[in-house]
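Okay, so subunit A shows up in both of these, paired with subunit B first and subunit C after.
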Partner chain A sequence: MLFLQLLINGIQAGALYALIAVGFSLIFGTTRIFHFAHGATFTIAAYVFYHLYAVAHLHWSIAVLASAMAAVLFGLALNRWVYIPIQKHEGSFFTVFVAAFGVSILVENLCGMVFGRSYVSVDTTLSRSVEIAHGLYVSPLSGVAIVIALLFFGGLQVFLMRTHTGMALRALSDNPELVRAYGLSPRRLSMSVFALGSLLAVPAAILSAMGSGLQPSLGEHVMLISLAASIVGGIGSLRGAACAGLVLGLAENLALAYFQPQWSEAVTFIVLFLSIIVRPSGFFGRVIAS
Partner chain B sequence: MLAYLLNLATLVCINAVLAITLNFIMGYAGIFSLAHAVFFGVGAYTAAWFAMHVSASIFLAIPAAMLAAALLSLVLALPALRVRGEYFVAASLGLQVLAVTVFSEWKSFTGGLGGLIGIPPVSLFGHDVTDPVQFLLLALCGLVPVMLITTVLLRTSFGRNLKAIRDSESASYAFGKNVAAIKTLSVAISAALAAIAGALYAFYIGFINVESFMLNTSVLLMAMVIIGGTGTLLGPIVGTLLLMLLPSLFSYMTFLPQTQIGAIQQMAYGLAMVLLMIFRPGGIVGARSRKAV
Partner chain C sequence: MFKPLNKILHSSLVACALFAAAPAHAGDITIGADFPMSGPNATYGDIFGAGANLAAEHINADHMLDGKLAIQYEDSQALPQQGLIAMTKLVNVAKAPYVMTAFTGVSKAASTVAARTKTVAVNGGGVGPDLAELGPYFWNVIPLINAEIDTMVPYLVKERNFKRFVLIYVDDPLGQAVAKDMPTILSKVGGKMLDSMSIPVTEQQFSGIAAKVRADNPDVIYIASYGAQELQLIKQLRDNGLTQQIASYSALAIPGTLALPQAKGALYTTQHMDWSSADPVTKRFVDDYSKKYNKQPTAYVANYYNAVRLFALLAQDLEKHKQPITGENLLKARKDLKTFDMVGGKMVFNENGTVTMPIQVNEVEDQASKIVYAGK
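== the complex of A and B ==
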């Protein structure tokens, strides 16, 4: 029964991790920019939602919309004023990574200063658990998380397969030079992919705010998970990132059945390590090991 | 005032060793490690354990610390260096998080969350070094050899191999260089030298716990190296000086809310990193565009 409970918790966490991981993997796979500030996007979306819904008591639709706008604007601003200038004159992996890292530190501390460093959470009826069987507690949030994740993935598939921008993004992740030869602008496409990737972090942020609570350092944790999921799933593979996100969510929760809670974060990284040793290219990735 | 300055100077020496060793792999080998605080911690814990249970002699504790850190670095290097740079960042991040959990749980060796107290002062030829001035001299005796070793290594063929690998790994392969072995060796050297700083830290404060070896410390060390200038000899020292003097500077600005000083400091590092990467990727000491040294 404990196992079943942890399984359900794991799927709920996994669905959210999958959303975040796919956002990061989309950005990294398409533009090859190591967008280490993806966790900052998550933090901003979560805190904007928290502030507008739980503190200012606005209607949830306004809060969700504002949160989505904040996340997308942040992603676009970051691309326009930090990543693109860096890529113009040097753009090595190192420079982009350090700049993204600097931004994530800035955002984390800014949120800590403005909203406080303690745990805050959004109180909703969605997070109230119901005992559906003896010892088994499920809240509507689990169902909502899974449904929303599936909806977003379905929408993403449709976008990438059926729309022109989506096809251009897939082309960009495959061969940037050819895209330029076709007359499309990789810079404009990178703006679209940053908007899309940042948008994918928003539902996860809102659901986390409702379910597990927020802290400024959560962005760091989220970033590590999405990085781990992208690598375990295979860089450039969205399906891989989603599956790996789910697997990591399950692993983190199921580990509670065998280890003490302190080790649950470590389990994520043990999975990452084993994955790098056993299959460096990830589940669905292209082979890259030397 | 003198005691304050001596303390600051000793901590600057210890952190400079860490920055120099991190620059060795980041600036010259192109390996971005977020796990440097782990080797700092392993060095500190090993030296402390050694001093408490075997001998407090500096000539035994420090080599033991160096050996432990070098062995641990092999654990990190061997799987992760088979693959590209991004993977090493992720693996080092993983090692850092994992190590913090291990440090907190392995109570018999690290004292768990409470840490190790009552570390005996280090003994040099039978004389216990407790006076702050003497310890500063000892710390300098740790800093100068580390600087010399890294400078000499960089001037030899090993250093040229590292720079070749940093600039183009495939070209190095084409020239027949055993890239994996060279990278592993450089990580091991960097870890072993970082352990010296760890040992000095443990003996200086007499108390260590996991709080000093977390991701924040790794981030701070990375900031020191980057802001000072990667791939330069003076860069890490400039970065260390700047980032260690900054907290004192901020505390003099009384118009800032005192409870937020920590956050403001971190924001200053973050902002410095972003602005430097956009306008001056070589750091303060480095060239305008990152030219090879």
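== the complex of A and C ==
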């Protein structure tokens, strides 16, 4: 029964990790920008939802909408006012990374100043587990997390495969020069990528606010998972990032059946190392020719 | 890969902000504070700083010292490595003869600099038992966790008839000390340790741990963690259907605990403080703190108020005897004066730089906590 319980917990955690990782992977795979501030987007979305729903007592739909708007606006503003100017002048990968890192620290401190530095959470009955079989507890939030993850992945696939913007985004990740030759603007497309990638962080942020609660430095853990899942899944592969997120969530939880909880976080890195050794290009990444 | 860079950037930003915000003046007496001001335990820095700042305000208002007392803050992030860097800066750059530290790991790291440079380090927040053994320049104004466990465990076993314990502890010096001591104390009073689980300092997901605890089916879940992690743990244990008694130590005495509905009914120990006491030091502290923050103080606030007040009393004595304010002289003055009027009453140090105080057991209620057992 313990194994089954851990399996269910792992699927729930994995669904959230997958949602987080896909947004990061989409941005990185398409624009080659190491968007370290993806964790900050997550933090902003979570705190906006918390403040409007739990503090201001607005309807959940308004809080969700505002949270999504805040995340998208943050992503767009960061791309427009930080990444694009840096790329215009120098374009160094490391410069962009340091800028993103600085922004994430700034956001962490601003969230601390605005919303307080104490731990807060959204109190909801959705996070309370119910016994569905003897000794087996599942919270409604688990089901919500899995359904939302499936809906978002399905929606993303349809968007990327069936719409002009989606196809242009895929082309951008393959060959930016060719995109330019067809009269499309990579900069404008990168704005769409940031909007979409930031939006993908929102459901996980809201579910985390309800399930595990918030504190301003939450983004660091989010980035760790995003990075690990992107590498394990294959850089730029959305399917890979989603599968890797799920694998990491499952591995973290199932490890508890055999090891001390102390090792659960290390499991993420063990999966990462094994993946790099066995399949350096990731689950669905392209094999890099020497 | 990112953590060291993270730490450097964090401390640089905080240091720049503090430098810009609080310039020192000639004649000022500067003491240091090595507190967490960013990261998941930043809330403790706010609490500790509130007590320290109030004490400095009172000391300067009373002109207790020849110069103006200033506190220079450095960010430890509650991490030993960062705390060590902060301590080194406070001692070598700010030339602080007296530094307040917090958290067991940070305090242990800072104590090495304190011992080498003969700087007094005073802890008012960390409770690891190891803190009693860090040399003559390391003092504690808070009772250590062995005193808290010594009160809580017999209370749970004898008064509440809870005998089967599961311990969840953070993998740092504090948690390891609890994991080492608790089985011995439990066996003395007829309790039993079913399982003990260590968790990394950065862990945030606990539904798997809840499943393991449920399989153990204990009477009590004792948590030796702190800050956001401890509250996340409590929320997730309760959300995962665990109804057993939750018990912990003084780290739960933070505002976030009272705001968390899932924490209702949790028991935690703290040093005993009588906020209604008529003694002038306590009364002034409680009145001014309540006026300033519109709430009652906690033991942590009082501890760092006491830490700063202790410095002022010692420095005042040194100034009276025309002696320079150095770590060595402060230590000598502490041994000479022996007893100090502090918030909560008279404070007397043991030979190893610790203090002995009565411990009480508190229970979290709706937005408040009540004393359920006053220990000795």
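The criterion applied here is as follows: the second predicted complex is superposed on the first by the 288 of 290 C-alpha atoms of A that agree within 3 Å, B and C clash if a C-alpha of one lies under 4 Å from a C-alpha of the other, contacts with A are read in each partner's own complex, and residues count from 1 in each chain.
Rule of thumb we're sticking to: a residue touches a chain if its C-beta (ideal position, glycine included) is under 8 Å from a C-beta of that chain, and two chains touch if they have at least 3 such contacts.
The structure displayed is predicted, hence computed values, not measured ones.
**Q** Evaluate whether subunit B and subunit C can sit on subunit A together after superposition, giving fit or clash.
**A** clash
**Q** Once chain A of both complexes is superposed, is A:R128 in touch with subunit B (first), subunit C (second), both, or neither?
**A** second
**Q** By the touch definition at the top of the document, which applies to A:Q5: first (subunit B), second (subunit C), both, or neither?
**A** The second partner, subunit C, only.
**Q** Let me test your reading of the model: by the given contact rule, A:P261 touches which partner, first (subunit B), second (subunit C), both or neither?
**A** A:P261: touches subunit C, not subunit B.
**Q** Scan A:F101 for contacts with subunit B and subunit C and give back first, second, both or neither.
**A** In the superposition, A:F101 touches subunit B and subunit C alike.
**Q** With the two complexes superposed on chain A, say which partner A:N109 touches: subunit B (first), subunit C (second), both, or neither.
**A** Touch partners of A:N109: subunit B and subunit C.
**Q** With both complexes superposed on chain A, which partner does A:H89 reach: first (subunit B), second (subunit C), both or neither?
**A** First partner only, subunit B.
**Q** Tell me which partner A:V120 touches in the superposition: subunit B (first), subunit C (second), both or neither.
**A** A:V120 sits against subunit C, while subunit B stays out of touch.
**Q** Report for A:E220: first if it touches subunit B alone, second if subunit C alone, otherwise both or neither.
**A** Touch status of A:E220: both partners.
**Q** Touching A:T30 in the superposition: subunit B (first), subunit C (second), both, neither?
**A** After superposition on chain A, A:T30 lies in contact with neither partner.
**Q** Given the superposition on chain A, at which of 4-12, 148-156 or 166-174 does subunit B overlap subunit C?
**A** That would be 4-12, the only stretch with clashing C-alpha atoms.
**Q** Kindly list the residues of subunit A that each of subunit B and subunit C touches, one partner per complex.
**A** Looking at subunit A, the two contact sets intersect at 101-102, 105, 108-109, 112, 220, 260, 262, 265-266.
**Q** Show which residues of subunit C lie in contact with subunit A when the two form their complex.
**A** 2, 5-6, 9-10, 13, 38-40, 42-43, 45-46, 168, 171, 197-200, 202-209, 211-212, 214-215, 227-228, 231-232, 235-236, 239-241, 254-256, 259-261
**Q** Contact residues on subunit B for subunit A in the complex?
**A** By the definition above, subunit B touches subunit A via 26, 30, 32, 79-80, 82-87, 89-91, 93-95, 97-98, 101-102, 104-105, 173, 179-180, 215, 219, 222, 226, 230, 260, 263-264, 266-267, 269-274, 277-278, 281, 289-290.
**Q** Can you list the subunit A residues touching subunit B in their complex?
**A** Interface residues on subunit A, with respect to subunit B: 34, 82, 85-86, 89-90, 92-99, 101-106, 108-110, 112-113, 220, 224, 227-228, 231, 235, 260, 262-263, 265-266, 268-270, 272-273, 276-277, 280, 288-290.
**Q** Under the touch definition given earlier, write down the residues of subunit A that touch subunit C in their complex.
**A** 1-2, 5-6, 9-10, 12-13, 36, 101-102, 105, 108-109, 112, 116-121, 123, 127-131, 135, 137, 139, 211-213, 215-218, 220-221, 223, 252-253, 256, 260-262, 264-266
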